[in-house]
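Below is one structure; the comments refer to it alone.
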Amino acid sequence: MRALFAALLAVATAVALAFLLLPIAAIFLRVPPGDLFGALGHGVTRDALLVSIKTSAVAHAAVLLIGTPAAYLLARRRFRGRGVVLTLIELPLVLPPAVAGIALLAAFGRVGLLGGELDALGIQIPFTQAAVVLAVAFVESPFYFRGAIAAFEAVDGTLVDAARTLGASPARVFLRVALPLAAGGLGAASALALARGLGEFGATIIFAGSLQGVTQTLPLAIYSQFEQDFDTALAISALFIIVGALLLVTLKLYGWLRFASIFRSRFAPSTSS
Amino acid sequence: MASLRVDLSLPLRAFDLELALEAGPETVALVGPSGAGKTSALRAIAGLARPARGTVECGGDVWFDSERRIDRRPEERSVGFVFQEYALFPHLSVEQNVTFGGGRADGLLRRLRIEHLARAKPSELSGGERQRVALARALAREPRVLLLDEPMAALDPHTRGKVRAELHDLLRELALPAILVTHDFEDAAALADRVGVLVDGRLRQLGAPAELLGSPADPFVAEFAGANVLDGIAESGPVGLTRFHLDAEHVVYSTDEARGRAALVVYPWDVSLARLAADDSALNHLRGEIVSLVQVGNRVRVRLPFLTAEITAASAQRLALRPGETVVASFKATQARLLPAD
Amino acid sequence: PITVFAAASLTQVLPRIDKGPRYSFAGSDQLAIQIQQGAPADVFAAASPKQPELLFRNGLVRKPVVFATNKLIVLVPRANPANIRTVYDLRREGLKIVIGDGSVPIGTYTRQILDALGITAEVTRNVVSQETDVKGIVTKVALGEADAGFVYLTDAKPVASRTRSIALPAWAQPAIRYEIAVVKASPRPEAAKAFVKKLLSKRGRLLLKQAGFGLPEQA
Amino acid sequence: MRALFAALLAVATAVALAFLLLPIAAIFLRVPPGDLFGALGHGVTRDALLVSIKTSAVAHAAVLLIGTPAAYLLARRRFRGRGVVLTLIELPLVLPPAVAGIALLAAFGRVGLLGGELDALGIQIPFTQAAVVLAVAFVESPFYFRGAIAAFEAVDGTLVDAARTLGASPARVFLRVALPLAAGGLGAASALALARGLGEFGATIIFAGSLQGVTQTLPLAIYSQFEQDFDTALAISALFIIVGALLLVTLKLYGWLRFASIFRSRFAPSTSS
Amino acid sequence: MASLRVDLSLPLRAFDLELALEAGPETVALVGPSGAGKTSALRAIAGLARPARGTVECGGDVWFDSERRIDRRPEERSVGFVFQEYALFPHLSVEQNVTFGGGRADGLLRRLRIEHLARAKPSELSGGERQRVALARALAREPRVLLLDEPMAALDPHTRGKVRAELHDLLRELALPAILVTHDFEDAAALADRVGVLVDGRLRQLGAPAELLGSPADPFVAEFAGANVLDGIAESGPVGLTRFHLDAEHVVYSTDEARGRAALVVYPWDVSLARLAADDSALNHLRGEIVSLVQVGNRVRVRLPFLTAEITAASAQRLALRPGETVVASFKATQARLLPAD
């Protein structure tokens, strides 16, 4: 009985890991190591890599900058319909990428909801890097939100109370207490979101199109490569997986430390203050 | 000299907290069982909980007044709050904790003998040290009122004694209105000028420790103060005495007046033990088997079916008491107070 | 029933010709990849000769045959905000034009016709997106995001209500041939061949024509 | 200053919500309500809906059944390289759907890693519903894993110790203590995973193809509808959003209760046992 | 009758826990400051922590033996464990909690007077009730050893008194080997036949409460037992006395032998107070200002700079003591024990 259960757990874990890792391994087995870095040679790949990095960085920064305070508010305020809001925030998760793309067009496109207003301002989003940024932000932000709200909810309320009785303004409470204490959770959420954003494909191609050096991200490049040269496509994919893995590892293992330390140093009190 | 005046009603889950008290530059302790509303009271004073109605004033200015729609934010009230588990900021050093609200740390750290810990993180401190840091932090902004929520609860009794003494001296020096929450009557007696017993959100009694010991307002307070509380029926007895029936066969007498259901209160140290009942009319006798003997300091607590007696180790020796033996517990009718049953 | 892998642009017409088989519609190249990966297809109908010929060379399919031709058109939103009348208007500065990626047939054809018309440089300047998939082009024009896009004549049908088509000069049209082939691995080669026959039959040709396809001169 | 900060939070939240919800709202504005339910009429839609429900259900069941014990083991055992494993598990998150599809083909395809073995067993996965199930499971399981592991880690260790001193076998500890106590977190993770799985597109179309009534899920149907009738496609998209929303709400608000109660009732001790 | 024999060494973060003790059908208390290793000790006995070496035996059979590579799983050892915060299963009713390990609940619930709570969830219980449920659960499988980790700590002192008494009786009835962890010496004295003082993983002293009070092995134990501990330098003094220098001017005498740095131990209740030093050679006198007066029961604790005296409320009255006044504290040289300094 005992042995049975132990075996059961072990098997389940083995199956799960095998299932998740086998396909990834398979890709590598398909790719001659030469191609792997050969892929980097491709102008297409390099351009795409740059676009991906640039757009992900901007999108992620935006998500952090806006998402963090928003998550803080949603985590601390208790208002009616809060549950609904929290659910709505996760809605984009359900959308098939194509639908997400259409949705973005319907909202920010030339003939979209805000098309007129944006036009008036002389802003045109579709087919620009701005569009890529929006698409990436749209698909990744729900992931960050989830994690960030949870992280802020986990911050011990009495520490906040303590800060207030010590005369700290809400802003100070946020910067000096909530943020540093939530840093761990925020870091993890940020990693997850960034990862998801990097892999974004469907929404981008519909909302931003695909133009080398402008809106063609790595996933788009991979896709267009399939049509031409399957092996290069695989090589780029493998490359992509490596990048992703490195990203996850760094962010997960060291990210939150950095994250935390930033705030500590940045907002650490000085007796003179 | 600032004084704190509180008169508020705060709705809690199970009941409303009704608190009215005024404190000069003195320490007032709030004691009571868990869930009585002690912490809630402090939170209301600090502005962390909003009373349904009432007022909170400190010296001249009004912190809260439901009628005048005044409700100063916690950060605008000048209170020093020491939280139940200290609530130190785990990510900040001791010094950063203390100076969080502004002000300088070194003086306080020296005074509380923790200057050598200035750079340490709270997680590296012992319970006693944490408590001092919490105190220093609460005092750093020179608050006009000090609120302490079970400052000793998190300490092991070994450090507890020391810390209690230090805290006592500190409170005396500061001479501010200080509200100290505890559920330990001894802590309260040791630290406070006046003690309030809070039960289910109501102040049962508020007075000097000796007062509560001497004339407890109700059985609960008496029990809290360490007395034996026996339930029974009171009826008029011989000349100015009240006859009190514990049960069918056991009867005792009290000089207090009472009729019907009542509670008889007698302190363990007013109960003497003997092998045989000395025949003395004014004395109450209860015969019973010794359940347990516990030495505390130079005294021994002897637990009997009805009550507990506390006698000197010396006389316990002399009587050579053992668990299971039958003894007679005696106490004067004048020391048997009668209170209306809860 | 047999399984037919067919180019997306055949989504409507094939079921009309024969509702028997199971169809999987996608980009011709995707289908090719899937067949290489051992997809259980009996018939492969592609929007160009490229992939069938490739698979034929690799011995994965039998000899492909041409069963339809197509034309390129310029698709513009019904509102036609850029007021495009002829293909030459596409040279105008500041337009938003969507074309196929060089790697997909629609892209290659588009480049051919632009060269033929000698307006490659000017038009390419206006290209805002190179789609890997005709759907991408159609969608963007249909939603009015792009001013114009090069697509197959047959792709205009589903979005007729939202767009209008601008014909391209016949002399410049590249030869766009749809080829069909029976997959070697097919367990039901007879049924597969039968399907191909149906497609090449009179009725098949009629329905293809109604759907807007051109027809190869009978072999 | 105070007002400023309050405003800042409010604005951030408003922006975030607007950004996430506007596109979704926009789609509905594009769709005449008539079409919305007209869409349900389409045979294609109905077939797709069925396929989606069927495959999601099976995939999700599999993920729960295998993922839960695996997560339990990973949450409780502390072994070297645990961090690595936890990261690998999240790797599939980074993969662009198309790459995921290729990866699955490379692993389970006829000419894939296990192709030979599977063939020998007469099993053919690609382009069957089994393939859809695998694809969905592959993309959704990392989400479940993350949540489930966190949920199990949050279970108070002393409760487990208590159970053991009371003579409970590991299996009993798992069923009677860990599972019910983690139920809340498991429910939430399950909801998130299911949502993600429903929207799956890229991996499915490559690994399973798009055969109406067999492997054509709702997202695929929407895609292929663009080819035939644009408005219907939009309508289905809108429909899809509604389904997703309902799903999330029910799962999030009531799901975990059900989840929890299942275990309570199922494994509640009876004094006779 | 089963008896528990423990002799183990368990590596902890800061130090190794070295524990060797044997317990018959009696209650042995482990007291000590926070972090001393008390909980770890219980965990090792229950099999929740694996000692580096040693043995754990109960009655005949061996639960752990590093040499013989024996390590029975917790679920296979027959221990009843009451955890520090009770660790009741929050999702199960009281009855389900108690019967979790099998066995029937009703008898125990009745005996512990909680049968009316059978259907309640732990979250709906008071501290005292929780503690009883935890006890019932631990006893349900009729364990051969009972381990209690601070069973009183989570109680407010009000319920504490009652519960302590009940627990005492229960332990007597059960007559099992029971190890009771607490960091309160009074609890230990009240509940245990023998008390072990654990500090930094080492048993400083193990004996009957009276023994620890009467002859503490070291200053730490003494302090734990409530004594004043004064540091100073000892040197040989007049006829059989040891002269003990507290500082430059203050000197006291003890009948114990010691030289060099040492600790002087004297219990508060052995210290008497007077306005003037009675001239009595055998008596030690220390003059000082009263820091504070605290009434505890019918006694008053008077804190002076060097030490604390505990006198009867009566004599405190007679002397009319006030904080700030100067008094003389006296104690016999025979009551001033000298111990090697820590």
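In this document, chain identifiers A, B, C, D and E correspond to the written order of the chains, with residue numbering beginning at 1 in each.
Quick note on the criterion: a residue touches a chain if its C-beta (ideal position, glycine included) is under 8 Å from a C-beta of that chain, and two chains touch if they have at least 3 such contacts.
Everything numeric in this text was worked out from a predicted model, so none of it was measured.
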For subunit A and subunit C, the contact-path distance works out to 1
Shared touch partners for subunit B + subunit D come out as A, E
Taking each chain's centre as the mean of its CA atoms, the one lying farthest from the centre of subunit B is chain C
Taking each chain's centre as the mean of its CA atoms, the one lying farthest from the centre of subunit E is chain C
Distance between the CA centroids of subunit C and subunit D (whole Å) is 35
Here the gap between subunit A and subunit E, centre to centre from mean Cα coordinates and rounded to Å, is 55
CA centroids of subunit B and subunit C: separation to the nearest Å works out as 88
For subunit A, residue numbers touching 2 or more other chains are 102, 106, 169, 223, 226
By the touch definition above, subunit C meets two or more other chains at residues 30, 33, 36, 139
Here the pairs of chains that touch are A-B, A-C, A-D, B-E, C-D, D-E
Within their complex, subunit A touches subunit B through residues 156, 158-159, 161-169, 176-177, 180-181, 260, 264, 268-269, 271, 273
Within the complex, subunit C is touched by subunit D residues 105, 109-112, 115, 124, 126-127, 205-206, 209-215, 223-224, 226-231
So, in the complex, the side of subunit D touching subunit A is made of residues 1-2, 4-6, 8-10, 12-13, 15-17, 19-27, 29-30, 66-70, 72-74, 83, 85-100, 102-104, 106-108, 112-114, 137-138, 141-142, 145-146, 169-171, 174, 192, 195-196, 198-202, 218-219, 222-223, 234, 237, 240-241, 243-245, 247-249, 252-253
Listed in rising order, subunit E residues that touch subunit D in their complex are 43, 46-48, 73-77, 79-81, 83-85, 87, 89-92, 95-96, 99-102, 104-105, 137-138, 140-141
Seen from subunit B, its contact residues with subunit E in the complex are 33-35, 126-127, 156-159, 161, 165, 168-169, 172, 183-186, 189-190, 209-210, 213, 223-224, 226, 267-270, 291-292, 294-299, 301, 303, 310
